[in-house]
Amino acid sequence: MTIGMITDFGENDYFVGTLKGVIRKINPQADIIDICHGVPSYFIQGGSYVLEKTYRFFPAGTVFLVVVDPGVGTQRKLLLATAAGFSFVAPDNGILTPIFTLGRDVVVREIDRDRFFLISGSSTFEARDRMAPVAAHLSLGTAAADIGSDTSEYVVNPEYHPQLLPPDRIEGRIIWVDKFGNIITNVPGKWLFEKLGGGGFKHFSLRLNDREISEYRQNYASAGGQPFLLVGSHGSLEIAMNRRHAFRELKAALYQKFTIVLS
Amino acid sequence: MTIGMITDFGENDYFVGTLKGVIRKINPQADIIDICHGVPSYFIQGGSYVLEKTYRFFPAGTVFLVVVDPGVGTQRKLLLATAAGFSFVAPDNGILTPIFTLGRDVVVREIDRDRFFLISGSSTFEARDRMAPVAAHLSLGTAAADIGSDTSEYVVNPEYHPQLLPPDRIEGRIIWVDKFGNIITNVPGKWLFEKLGGGGFKHFSLRLNDREISEYRQNYASAGGQPFLLVGSHGSLEIAMNRRHAFRELKAALYQKFTIVLS
Amino acid sequence: MTIGMITDFGENDYFVGTLKGVIRKINPQADIIDICHGVPSYFIQGGSYVLEKTYRFFPAGTVFLVVVDPGVGTQRKLLLATAAGFSFVAPDNGILTPIFTLGRDVVVREIDRDRFFLISGSSTFEARDRMAPVAAHLSLGTAAADIGSDTSEYVVNPEYHPQLLPPDRIEGRIIWVDKFGNIITNVPGKWLFEKLGGGGFKHFSLRLNDREISEYRQNYASAGGQPFLLVGSHGSLEIAMNRRHAFRELKAALYQKFTIVLS
């Protein structure tokens, strides 16, 4: 069984390596995959974004360990969500927001039984002591019901999705910057085009800092040196520049708001 | 079967993680190995270099997924090369240059059948939608002939190898900088010593920016504080400084030309 | 069998990928785990620290390949240590210091047989040519006695542990900085509290540069904006700031000394 990991631990420390040891010791056959450890420190929404954009590419039954956890060691809960044939283990801080709305089969549990925990009193590394062991046991076939109890009280991030500001504006946020400097937003391309057509609009432009960007492209290579919009491979609206680092050149900031004007 | 990946995707984003999901879904038993995701963005020659220096250390049958692809989404072809018992999946932009000359058994195919593609219309992430699925199917034993048709039209990078400038000069390029700051060139050590001896020369020195470097060493630790030349573990001429970052100290640039003077 | 790797090779080059190819070719079933490749270049003590803090989380029998090796290619030995049911392959430069004192069952061998070496004359990449093949053969079940001979002559780092300066001071060192900027010291929390109680002291404060830090916390999130001390998840004393990069803000340096004053 595959265990996919998304964290803000980076690749430079020994945190991720320790999680792998913990998992391997419990399930010698687990297929451990690093999905992304480059979530900016404490940036819960970035973790949500990566999860939303990757989970569907994994085999049915995959267990996702999703840890961006500024509240580690405090009283916040740990969650185990099951949805669409997958399992998700994460702190209760809104990081599973895109999963909560996946469909009718979503079940959210609070991890309230400690028999799988490595050490019962951990206060600074619950990924190692609590979440990784739970993920490993799930990958061995332990039932979710043996790990936690159903709950309807959990944190949802209301800002995760873009806001429609009638009659002709959408407010979005910058949710990721990739290695090439492409600015990825929380605006789903499909959603944008529906609003556009449904509202009787034909064009849109995006205002970020002092720039207005309205050129739209199908791929990176066909563009000139100016910033342009495209719907990236994961379905979200991006602001890009061909072979240039759009994020730096446009002096953008992570989680910054911008406005889309429909016309 | 092993699938080794070389890309310029970095480790910070979720691109590589997505490729792993795609591969895992098609072949649950694939042995996926990250060879290098640190190729500088768009630097095709760096991808060629890493491939050339690593493929032979992998088991027979390994499938290499080699993606540095500034032309993603345009009309450039996708290639499947087979050589020396290995398979190589890559965009047609010259990145497979060192493989094309591996020997008589090299076969290059254009990937012109789309039945293994994940999504037929991808324009910004063909690694995920086309190349990774093809690699996964190859690792399951699908024949190369079922994936593409033989072609003799593909891009070769003529600048990949150093140039001999008679009577006594060689023009090389900086092809890689490692974490320790060692400057790695495209000049094979063996080739250099053959030219040297074959031309009746006894010495050589290297001119980079304003420096002339002629000290030659067998290892890093035996050198003093000055820059020196050595033939590194992968057989190429390097410019190094013991425990210092030669690339920064010598104000070198990636893909910069330099001259070797024989005497 | 699991092979865990700790190196200062970084993730950006192809060094680690090459090691994986070498291991895979010898043992197609080896479970290769990246524990940490982010040890600062040449920082042997950092490699020791990562090893000490992670090995116990791995399955019995795990082979650790531990390479921070500024003396590569010189006459220094290569070691194979066995202890606590694990094996450790490393250069003889003190990096295995925390392992040498693990208990009565520690056996240290010099790797003095070359039949498992890939290339006998390597001078710049012995991890690839000597240490990785040895680790791979160990993971196949080759006996340690077939690889090297017992030795009692090996390098121990006397500075690895903190120094007690009677009557009321302890001198420690900064041994790691994690992605979040937490400053991790070589002072074991348990050891500190024993000294404190055993010496009849009640309080302690830490002096680093011009700062005196005496606030003590159980977790990160409960603290205000000031630097504080805590015993981290791996048992060592840390200097941290909640959601701030303590290392940068306190202008600390790696391997810097500090003083703990008991009172």
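Descriptive notes on the structure:
We call the chains A, B and C, going by the order they appear; numbering starts again at 1 in every chain.
Here is the rule we use: a residue touches a chain if its C-beta (ideal position, glycine included) is under 8 Å from a C-beta of that chain, and two chains touch if they have at least 3 such contacts.
Please read all numbers here as calculations on a predicted model, not as lab measurements.
Annotation: the chain A:chain C pair of sequence copies touches via predominantly different residues, less than half of the used numbers being shared. Between chain A and chain B the CA-based rotation angle works out to 120°, given as a multiple of 5. Look at where the CA atoms of chain A average out and do the same for chain C: the two points lie 32 Å apart.
Chain C has residues 11 in contact with two or more other chains.
Residue ranges of chain A in contact with chain B, taken from their complex: 2, 4, 6, 11, 31, 33-38, 50, 53-54, 57-59, 62, 176, 178-180, 218-222, 230, 232-234, 243. Those residues of chain A whose C-beta lies close enough to touch chain C in the complex are 8-18, 20-22, 24-25, 28, 32, 41-42, 70-74, 122-125, 128-129.
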